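Structures are listed in the sections that come next.
Consider the two complexes below, in which chain A is the common component and chain B and chain C are the respective partners.
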Partner chain A sequence: MSNAIEIERLSYRAGKTFAIEDLDLHVPTGSIYGFLGPNGSGKTTTIRLILGLLRARAGRITVLGDAMPAQHARVLAHVGYVPEQPHLDATLTVQELIDFQAAFYPRWDQARAAELVSRFELDAGQLFGRLSKGQKAKLMMLLALAQCGDLLVLDEPTDGLDPVVRRDILSALLAYVSERSATIFISSHLVHELERVCDWVAVMDNGRLIIESPMETFKRGIKRLTVSGAPRELRDAPFRMLRRESENGAGESWVVANWEPGMLAYVQGLGAVVNDVIDLDLEDGFVELLRSFRGSAAGRTTP
Partner chain B sequence: MIRMYRAVLSTQWKWARLVIVLGTIAGFAIPLVSIQGAAPPDRGALQAQELLHAVQSWGTLYPLLATALGLLVAIAAWAADHRGRHVHALTLPVPRWQYVLLRFGAGGLLLVAPIAAVLLGTLLATLSATLPPGLQAYPIALTVRFAFALFVAYAVFFAISAGTARTAGIILGTIAALILVQVVGGMAGIDVDLVGTVQTLLLAGPGPLAVFTGRWMLVDV
Partner chain C sequence: MFQGVDPRSSIPLYAQIAERIRLAIANGTLSSAASLPSVRQLAAELRINPATVTQAYRELEEQGFVEIRHGAGTFVRELAPGRRARERAQHAAALVRKLLAEARRAGVPLAELQRALESELGVKST
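Up next, the complex of A and B:
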């Protein structure tokens, strides 16, 4: 499977406090790729690097087979982008913005734009500055979809929107994907939303990628185990221990990643008993993963 | 490319149309008023001395109009992009130099209107007046000079407006440093005339801003 976006050993520094170091990312063509991370983790910076808005210190970025930012004009003709903050001019009307955008994109679909104006109930004569937050988000999505790009890069497209608008936007997005087999790269911290639509997930924190995996593999592998009789040290564990807590003498609670049913034999081989295996949803898994990452990062930096 | 240019032109027209309309009216009116201002109260024949005096006085408005128009149209060209932190412009599928040219060209085309108004105003003013013997009208030369001044002003301010706040800071810092060196040099009794030298370099011929200086005479000997 080829990749719509490939990032290799990317480094970027912004000021003295924030840096992205040795970032590797592989977004399979045709996937809906959820890019998760808390605020300030580096998601928007990564997106800006992907689109050539920022220059990396080192590393390689390939988008739709072309190097970025060297080939940015060619690449951007096939990329729809919805930024975190609406960036369009407040004094232009919806129709003027649509006309402006249409002039720059060779594959612009006027019929789709008109259909989305109607479906999103946008007033073509309304000034962008007078639109509500939800209407602005819908217009941004309209502009990205009507470009008919092979890749959509969406930076928190539904952040702060009410559930009705969120649903409208996501359904338009899913309809587009099913129709065009496009790749969607969507960043968010609304974990539940991504869980419903994404087939790949990556988690970033503090400028570093913690995990990149197919959504099902990730969700299937994150479990909470209730264990009794386990030794203090686990040698050569086939899973990744994210958290281990004692439960007031009644055994231990483990949160593990990369879990598979066959690993019960490993735990039993330690002389321990697994009393319960509980599935975690993406949000719980995300939180546990972040805690574990931050805990180990703190451990590394503590003298 | 023509579609892109039209799209950019229509947005810039929307942002700068008030300035363009007012500038066009002013460009048309200044030559007419400068000739009419010299007419004696009894509507008799124009006197050479009064006419030259009026034309010279009103003539100072041409470089001012060119500077103001150049400045405001250049600011209008970039204001929206600055407000949006250039994200929209930088994500458009065109090379950046091409986008800058589109913006520059759109502003340049809008400036044709006030230039045409100056041409029309100067022609109308000189055709409608009977000039005293020995005086000549220079409507074409004045219009060409106005057009040149306007494009110089527009180009300079366009380049400055296109830059970041850091660029503006560097320019202002350089000017401040020049003045500071001049003041400190003066206090220390050192004969430094940096401001005068820069002024000469810029404004005296063939300096880049020399077109703004000197007399702007619609009618002269």
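Up next, the complex of A and C:
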């Protein structure tokens, strides 16, 4: 089984305004897969479809080798999930919630749960409703890790938390990955955090997947070029032009994807001079991709 | 050893980590038979994917710098004479390339760069 999650030609509609169309997604087994996208892009909806909490109109979802939602009972026994909003009973204590969760999972790791209670400095007797935001997030992560799943689906597990809590949660997650070769599917706005840990990255906007790529390939291919003397029309460009602007003075600034060093020859072949090739980080790349995608979606032409 | 490893750089993290370790071996910080931190330990310390650390260690093994003994850990190998010096020379060349690229980007002419280098080194130019 080479993919822990596989989605093919998925479509889903909620009301008249929001739709997911023709979504394809492949999450390699053993990867830490970062799922990026602005608010309202469909990340949480996609996650809920993966877990069988929503029904698609068309398409195929396979999780850990089994079809969803048909095999949801079997699949969910092996999937840890941290939802965007903590949904636990506010009148139960931390220990009661742990015991309650444990009853559903045959592979529940009692020792790990106890270890995480102390590492996260949680008070086992405290009511869930009385926990701080950070403590709630830690408990949600504890519950997901202690069930020893082969796949963890994390919906913004650290967004809106302070840096100390974020580090604690991330460390616990990485320790888990070190011990078990689990697959992690993580959606977040914290681009720099994803850049640290993820080996795959996908970007969604407005219900569509814009890119899915190994992190390294994506980052290696996205560059800002300063160019002068390029013709208006580029024929058969071997890269993808995300943005092209003339700078003050002579040159132009290009933002390109799928760039390789050998492509300098192509640009020089146009009679142009490349003055500089500048690396972009994941955040810049993400923003440029979205801008380009929205530009073309709005019917404007991108050169 | 791993100060300044930058996830935002376009140089892949595993390559940055491997580079740091090669350098530590080249300058003697890590001597022969020294053990590297475990994958789990280093991943936790740098808050990165354990697979990234594994990839760095594998690259170092392929290049003959370390030996991965399963269950025991990763250890620096005995290097052929001259290899450490060669490694340091390569690193020096890479530093100079970086400096030259920065200077070009900032529009600093070569002659001025050379003068600055000499004055920093305390060399009197004639």
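Rule of thumb we're sticking to: the second predicted complex is superposed on the first by the 298 of 303 C-alpha atoms of A that agree within 3 Å, B and C clash if a C-alpha of one lies under 4 Å from a C-alpha of the other, contacts with A are read in each partner's own complex, and residues count from 1 in each chain.
The rule is short, and it goes like this: a residue touches a chain if its C-beta (ideal position, glycine included) is under 8 Å from a C-beta of that chain, and two chains touch if they have at least 3 such contacts.
Small disclaimer: the values here were computed from a predicted structure and weren't measured.
Asker: By the touch definition at the top of the document, which applies to A:16: first (chain B), second (chain C), both, or neither?
Answerer: After superposition on chain A, A:16 lies in contact with neither partner.
Asker: Counting only touches as set out at the top, which of chain B and chain C does A:179 meet: first, second, both, neither?
Answerer: After superposing on A, A:179 lies in contact with chain C but is clear of chain B.
Asker: Name the contact category of A:282: first (chain B only), second (chain C only), both, or neither.
Answerer: Second partner only.
Asker: Of the partners chain B and chain C, which touch A:32 in the superposed model: first, second, both, neither?
Answerer: Once the two structures are laid over each other on A, A:32 reaches chain C alone.
Asker: Report for A:199: first if it touches chain B alone, second if chain C alone, otherwise both or neither.
Answerer: The second partner, chain C, only.
Asker: Examine A:167 and indicate which partner it touches, taking first as chain B and second as chain C; both and neither are also allowed.
Answerer: Touch status of A:167: second partner only.
Asker: Regarding the shared-chain residue A:99, is it in contact with chain B (first), chain C (second), both, or neither?
Answerer: first
Asker: Applying the document's contact rule, which stretches of chain B touch chain A when the two form their complex?
Answerer: 3-4, 6-8, 10-11, 14-15, 80, 83-85, 87-88, 90-95, 98
Asker: Under the stated contact criterion, what part of chain A meets chain B in this complex?
Answerer: Residues 51-53, 73-77, 79, 81, 83, 87-92, 96, 99-100, 102-105 of chain A touch chain B in their complex.
Asker: If you look only at chain C, which of its residues touch chain A in the complex?
Answerer: 7-10, 12-13, 39-40, 43-44, 46-52, 105
Asker: Considering only the defined contacts, which chain A positions touch chain C in the complex?
Answerer: Listed in rising order, the residues are 30, 32, 167, 170-171, 174-175, 177-179, 192, 195-199, 216, 219-220, 276, 279-283.
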